[in-house]
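Below is a structure I'd like to ask you about.
In this document, chain identifiers A, B and C correspond to the written order of the chains, with residue numbering beginning at 1 in each.
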Amino acid sequence: MMATTTSIEPVKAGPARKGPRDDTRLALLFILPALIGFGVFLVWPTLRGIYLSFTKFNLLTPPEFNGLDNYIRMVQDPVFWNAMKVTLYYVLLNIGFQTVLALVIAVMMQRLTQRTWLRGIVLTPFLVSNVVAAMVFLWILDYQLGIGNTILASVGLDRIPFLSDSAWVIPTIAFINVWRHVGYTALLIFAGLQTIPDSVYEAGRIDGASEVRMFRSITVPLLRPILSLVLIITVVGSFQVFDTVAIATKGGPVDSSRVLQYYIYDVAFGRFQFGYASAMSVALLAVLVIITFIQYRLTRAESSDLA
Amino acid sequence: MTTDTTPPVATALPTLIRREPAPPEPHRLNFGRVLAWTFMILVILVSLFPFYWMLRTALSSNNALYAGSDNLLPVQTSGGGFERVFGLQTGQEAIDAGGAGQAINFWRYLFNSVVVSTLITVGQVFFSAMAAYAFARLQWRHREKVFAFFLAGLMIPAIFTLLPNFVLIKQLGLVDTLLGIALPTMFMTPFAVFFLRQFFLGISREVEEAALMDGASKVRVFFRLILPMSVAPITTLAILTYIAAWNEYFWALMVSYTDKSRVLTVALGVFKSQTPQTGPDWSGLMAATLVAALPMLLLFMLFAKRIVNSIGFSGIK
Amino acid sequence: MITFRQRIRTAAVAVLTFSALTACGGSSGSGNDAIEYWLWDSAQQPGYQKCADAFEKANPGLRIHISQYGWDAYWSKLTAGFIADTAPDVFTDHLSKFAQYVDLKVLRPLDDLGPTSDIQDGDYQEGLAELWKGQDGKRYGAPKDWDTIAMFYDGAALKAAGVDPAELQSLTWNPQDGGTFEKLVAHLTIDAKGVRGDEPGFDKSNVKTHGLASEGSGGGGWGQTQWSAFTGSAGWQATDKNPWGTRFNLDQPELQDTLSWYFGLVQKGYMASYEEIGGANAIGTDKQIQSGTAAMGLSGSWMISTFSKLTDAGGKKLDIGIAPTPIGPTGKRASMFNGLADSVTTLSKQPENSAKWVKFLSDEECQNIIGQSGVVFPARPAGTELAIAFNKNERKLDVTPFTQQVEEKTTFLFPVTTNAADIAALMAPRFDAVYIGSSPITSLTKLNGQLNDLFKVAQ
């Protein structure tokens, strides 16, 4: 799917090849443990899930085949479409905000100061789990008692119902996850920045280019391959947002933060409709595959970097 | 921290002494730099404030928190939250304070967490490295197709895997064991394979070819050449894996039934979901959160430099 | 150089690790001799541990192991347990869940088990035992406790408002002007400038203390601690029959008028809004009274011990009092009557022993122990008396506003239906929308159709 383009590199590299070799046996040995784990704990459950999406299954009695019923129900289910919309909105906000912020932080870590403590600090939030991050912000952003709103009120501003207003809730959840992940993303980008030779910047400086100008015409283009890797990983992760919603809003108010994973979970374990939940999971999987594919094509297609 | 945030002045010193790459325009303390530092200080504050707030809440008395919400310092300072976490309060005392009232066998849970996280990290990183090597360096048919398939695994929603895996763990007789918690992620994650493959692709081929010419086997090349050359990315991955394994909650909750397999996050989870009837024990909860994160924070502080510096891309293109 | 000590340490770690990995296999949940018992309320665990100790003494050879999990984890783990055969022998069951489990055939009928076959409905508070019978007429749960609703108030707030607590005993409400109840609520409401809700110049958008606490929209649990006392005293019934109703009454004016008035209190500033109480993670009446954002509020009898321990920021105990729910248009008060029970799972390897434990839990001895712990009202009248006495003597708290509803037969039962999870999933967001004000009250008519449709599909 996406590996076809990356495969070119190892083949064209390597000047001293001893002619075509075939390492199939060795390769099999090397991937065997991973393959077992992959097959048993990921592929098999997924195949089973896809099968269950064509059944009526309440988890405890044997599944009954019901054809496309679940998919028909899905297409007609307004809550599903709303969940899809909410999820997309979340991903857009989360990824957009996070990527821009991470990029700025990374550039600053590169151009302003390269001290380790700074990188250490921005990575700290990543050490706690999503659950903990959600809990802490739930407490900080509480409408009445949270210190966030207490501060707002003390400077004369109106309190903001961060997690209980339909307009605020998705941006707030996006922010919580940005808080946890931005340092990590920034570090990945920072690492990418370090692969850009200083000489390029020096040349730019001699030409009298400003920082902003250098950022736009040197940093961004040369960083594209790493950005694309970071984006693929973060977008896929972002689509699967669950913990934060489960802890902080339970999908509310009304349906305004009912993201897909949360709706699926609720249908599967709260309402025992595992067949329908499976069908929606298949839809989510399909969306992820398509989006990743498009992303890969887009970022690869115009990658004209160092090399 | 205040002393550290004033390098604009420091950078005015001759750049020759500095071993780090030359900072841009070192002699101008312009508006842009002030703005940039303001921004960074803001980032630092936002990153760290929640940790302070955890500590402040943990050190407050739970029953007083609701009435003293606007105090920046602990209200009615009390070690009660931590005492409840460590099971030092009796059940009734803890419940009176709005807590969970369950004894916490802290050292046992800490030990379990360490075992589970270590098992997962060692297994996952090693097996993923092997697979990544096969995908990056070995020549075999359908290599790219299999790799693409692996990558697609990145996108599988967790909901698919939860129940079948639980049933499987049960059939293997591993419910309520540490191995049962570790097993599903001990072999690989698509991310780990993807991540390491990118690095292996970047390792210079000449070195490898030279070793092969000298008669070394590919297995030997992998263990003696590739692995040592990839210490940095492998450390990075190991740390990321360890953090993720340490923080895993839901799966561990499913598999664990008694103290013998209870890990820290699950043990401290009793603070999280109290009965729907009572409000959360915020001070106990925040104390628990800090305690759960403390080993990670300590580890991080000890190795911060190494960890942070190891996150790098030697040659992703 | 590796020292000897280091080697020892390494070896010790290796051995420990190995034993941790292997020795823990095998026994899981229900396989061994101890009867595994689950509950979710940590506050009740000490009491039931005492029961377990007494049970073990009375039945040598039998052991009880109690596990407590928080509400959400409890049901997830139970479901996983049913699937993978790791469920407990006996667990605390909830009326909103039990019908589903009966349908899934994971509960054993207690009539078929020796020790529990002779449980008598008449031994418990009236109506409690019948709630736990399935549509097949069999008993799936042995009653352990019951609860009703009443008003908790902050004595200091009443004093400051010049209100005699005795007035609270005879409040009335109606959906038109709210009656004396709304008058009191308005009087107890204070805005940021100290103006009361019934005084001129009251700023409803800037309220410091609301007269009435809010526990959310109540859509997920038939308004138990929110509006059920009002709809009940307006004569409204949720379903055509209870238990096992199949037609819903959300389209009736008794409900819609009542809710229109009830949620209207938010617009008047008398009750906290959805945002103020924290949305999906709403803080309860207890925390609202404690933090001074509410002067009084409805809550359940299981909260008595929590309320009795509330303190202010300085650690001083609050003066909490209890009053009955107000009298409604029917001329009577009303309270939802609900209770928990213990169920035996089909997966239990020792059903007869489990039934013995269930029987013990629902018998005099254990229920008296629970009554004396003062956390909940036990299902048996004698246990209830002990709980009342405990509150009077130990907490100086008069809890008769809870019990008088039972004595005066002004209670109505929690609506028990099949498809409870689907009903809650449909109702909760729609009621939230009404509470927030983003949907009109008439939107419940459409919801009612959806609920009725659930049963058309199912049958």
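The rule is simple: a residue touches a chain if its C-beta (ideal position, glycine included) is under 8 Å from a C-beta of that chain, and two chains touch if they have at least 3 such contacts.
Treat the numbers as computed from the prediction; the structure is a model and nothing was measured.
Chemist: What kind of graph do the touching chains make: line, ring, star, complete, other?
Modeler: Chain contacts: complete, every pair touches.
Chemist: Can you tell me which chain pair comes out on top for contact count?
Modeler: Chain pair with the maximum contact count: A-B.
Chemist: Once you find the CA centre of subunit B and the CA centre of subunit C, what distance in Å lies between them?
Modeler: Distance between chain centres: 37 Å.
Chemist: Centroid of subunit A to centroid of subunit B, CA atoms only: how many Å?
Modeler: One centre to the other, that is 16 Å.
Chemist: Using the average of all C-alpha atoms in each chain as its centre, how far is it in Å between subunit A and subunit C?
Modeler: Result: the chain centres lie 38 Å from each other.
Chemist: Specify, in ascending order, the residues of subunit A that touch 2 or more different other chains.
Modeler: As it turns out, subunit A has residues touching two or more other chains at 59, 144-145.
Chemist: Could you tell me which residues belong to subunit B and also touch two or more other chains?
Modeler: Touching at least two other chains: 66, 69, 163, 272.
Chemist: Specify, in ascending order, the residues of subunit C that touch 2 or more different other chains.
Modeler: Those would be 76, 83, 283, 291.
Chemist: Write out the stretch or stretches of subunit A touching subunit B in their complex.
Modeler: Touch list, subunit A to subunit B: 1-4, 6-7, 9-10, 13-18, 20-24, 26-28, 30-31, 33-38, 40-46, 48-49, 59, 104-105, 108, 111-133, 135-137, 139-140, 144-147, 150, 154, 179, 183, 187-188, 190-192, 194-195, 198, 201, 205, 211, 225-226, 229, 233, 236, 240, 242, 261, 264-265, 268, 274, 277-278, 281, 284-285, 288-289, 292, 305-307.
Chemist: Okay, in this complex, where on subunit C does subunit A touch?
Modeler: Going by the criterion above, the answer is residues 75-76, 79, 82-83, 100, 104-106, 274-281, 283, 291, 293, 421-422, 425, 429-430, 432-433, 436, 438.
Chemist: Per the contact definition, I'd like the list of subunit C residues that touch subunit B in the complex.
Modeler: 16-17, 20-21, 23-29, 40-43, 45-46, 67-73, 76-77, 80, 83-86, 283-284, 286-287, 290-292, 300, 302-303, 306, 309-315
Chemist: Give the list of subunit B residues in touch with subunit C in this complex.
Modeler: Against subunit C, the touching part of subunit B is residues 61, 63-64, 66-69, 75-76, 91-92, 95-96, 98, 100-102, 111-112, 115, 163, 166-167, 169-170, 173-179, 253-254, 257, 260-261, 269-270, 272-279.
Chemist: Over in the complex, which subunit A residues touch subunit C? Could you list them?
Modeler: For this pair, the touching residues of subunit A are 58-61, 138, 142-145, 161, 163-166, 169, 248-255, 258, 266-267, 269-272.
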